[in-house]
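Next, two complexes with chain A in common: one pairs it with chain B, the other with chain C.
After this line comes the complex of A and B, so read on.
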């Protein structure tokens, strides 16, 4: 890389979160949007931390930087969604991210499994990103303008994530021998679990009726299945199996060991000193 | 990301392309920092194909919004010219340089004349 001087890394031209009056929203709708935002924020937060585990050990140096950058993007999206929720509920985004009990996190079960090998990570991330893109598309015209605005920004970044994950799935999935075998194994293990991204939400009908979410989660799941299956079949990989999103896909009364480990990791600094600033 | 000196002398094809003399996995990246700027060499990335090379160029040279345009070129396609007879001949060529030709007084006169014309 060149040693030429770089411009400052953070150039906030305008705040990412638009200003709005939360009290103008119907309380039931506000609660439903807040719940939706928490699931999206937790998804992005957990996948961001999961994938950042590759920093320093990715298959090649360039991919190490690229994959870490993708993981950082997801943490950035999580921040936006936590902030937007905070603007609705008065909660502190930092407390939402770092000061909840493991059982209170609402991410999809798909994201609970440890990162495992590169093919597993790519397959899981591909499943998540394709599902997330269907969900984001269903929010693009949300009647709650601040959400539509945030979603529009996030989608522009997710476009590149999809390009990158597609490129990797194709390379691994069509490379006969070990990589393809590992992708097939990961798909077998994960394809059905990926439906947990579309687990029904409390207040989902309120969101649909108010024109925030364009269709119920079960319909989005069907949309995703048909899109993802078309892509997988083009690579001669197995289709997404039929099935409906499990109603408890985001519930974790007893968080599994893998998520408990991750939770301890990402809360370790926050738990060291209450109220620490950095 | 690689040793710049690697291309071997004397292994270029007729067009001067580095060709087999260069590492086929290395892609040179040029970037434009902002509209109106020229494309400048940024550095290089290593990638197995053009698509990933574009992705890595994006990550290395604009993940912090440093660029508005990138060019990604396989190093094998670069035409290389480093022949000292063509670039650094041993004769005195100082007469090709603009130095020694004093412009200052001429410039003053020209400026004064232009100023008078404007009045």
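After this line comes the complex of A and C, so read on.
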């Protein structure tokens, strides 16, 4: 019934975000939320691309499907966080995702290492998912409503990731022999590095004072250590060692070699043709 | 949920009816209305504004639905804006009874009722609900993979009739 002449030419824009007036926010608070969003977006973006490396080569077909889904979820979350940051700062989300220099990415150092074997991937992802769930819970009642809204949505999806990864950790970690040994080795290597997810943020106190983040990152790290250790001990694996989140958990003097490789991969299309549209 | 109630205003009723023609491209058996994706329809001054709630954040189908909704509603107004909203999370409880029937008829198990507290993690990990076979109705099923061919589906196997089937993920 529609006729061409009645159809206005309108290009579909990217998904809208909750309407809000960014200028109504205190500039210091706005900057602190923008910084938090960048760290969360970069975490999800990098782990999403790491997940996608398993497409086609996972140990079983079900995991090809599962890790492709995980990747799609995480990159979707990253897109949403980049967009929300863009709404605060006026930056283009696409440029944030694909047009920064490697040294400008703010993902936790936990995510720098290459994917390596299946047990390493499962262990790292379990550590990240458990830490991320604590961080998301601390934002669930954020006084900045647009953030609380997207966090509510994201948490419902992340639950599946955690269930899946926990089932795998149990399967590998309680299987005596090589898989258990590999999980223990990966835990030894990664448990302390996982604290980088809770690296202190510039403006963190502003976020806490404004009721955006429920507690400082150091307290969230303690909460995570306690929960994660309880689960690891129930599986007869090693506890998370004591320690505080490193202040340089998201900063590196030089971009990590493995991240540099990943960055070249995920920016390859964007670098090939400036302004390319999907 | 905000029920897609029939508005006393005839234009809005006609719009809601027309939206039944727009389907989820990944599960064409169900309309965007029965899927519960349409949050709100507003009309006025020759304009229509629609809010859609994405089922999953990373779901590529939402862009298609958005386009199809816009195109369908250009029959009713010259200016149609379709916006994506996160003002409330889409949950599987938004799927209407008619939508659940349509899913079952197409060989998809509708989502099961929400199980327990889905926000507590780690020490109290939630478990996935048992799937109900859309072919024979048996609950003697096993979860094969929480992740299926699209973000919103899990894969089960029915031990009673030996059929694999997909279930809409409960969120």
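Keep in mind that, in the parts below, the second predicted complex is superposed on the first by the 261 of 278 C-alpha atoms of A that agree within 3 Å, B and C clash if a C-alpha of one lies under 4 Å from a C-alpha of the other, contacts with A are read in each partner's own complex, and residues count from 1 in each chain.
Basically, contacts are C-beta pairs under 8 Å (C-beta built on N, C-alpha and C of every residue); 3 or more make two chains touch, one makes a residue touch a chain.
These numbers were taken from a predicted model, which means no experiment stands behind them.
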First, second, both or neither for A:150, with chain B first and chain C second: second
Dominant toucher of chain A (residue count), chain B or chain C: C
Partner chain in contact with A:130 - chain B first, chain C second, else both or neither: second
Chain B versus chain C as contact partner of A:27, first or second or both or neither: neither
Chain B versus chain C as contact partner of A:66, first or second or both or neither: both
First, second, both or neither for A:253, with chain B first and chain C second: neither
Partner chain in contact with A:140 - chain B first, chain C second, else both or neither: second
On chain A, positions contacted by chain B and by chain C: 1-2, 6-7, 62, 65-66, 69, 160, 163-164
Complex contacts: residues of chain A adjacent to chain B: 1-2, 6-7, 9, 11, 60-63, 65-66, 69, 160, 163-164, 167
Chain A - residues contacting chain C, complex: 1-2, 6-8, 10, 12, 15-18, 62, 65-66, 68-70, 72-77, 79-80, 130, 133, 137, 140, 146, 149-150, 152-157, 159-160, 162-164, 166, 227-228, 230-231
Footprint of chain A on chain C - complex, ascending: 54, 56-59, 62-63, 66-67, 70-71, 74-75, 78-79, 83-91, 118-119, 121-123, 125-128, 144-149, 151, 155, 169, 171
Of chain B, residues touching chain A in the complex: 1, 41-43, 45-47, 51-52, 55-56, 58-60, 63-66
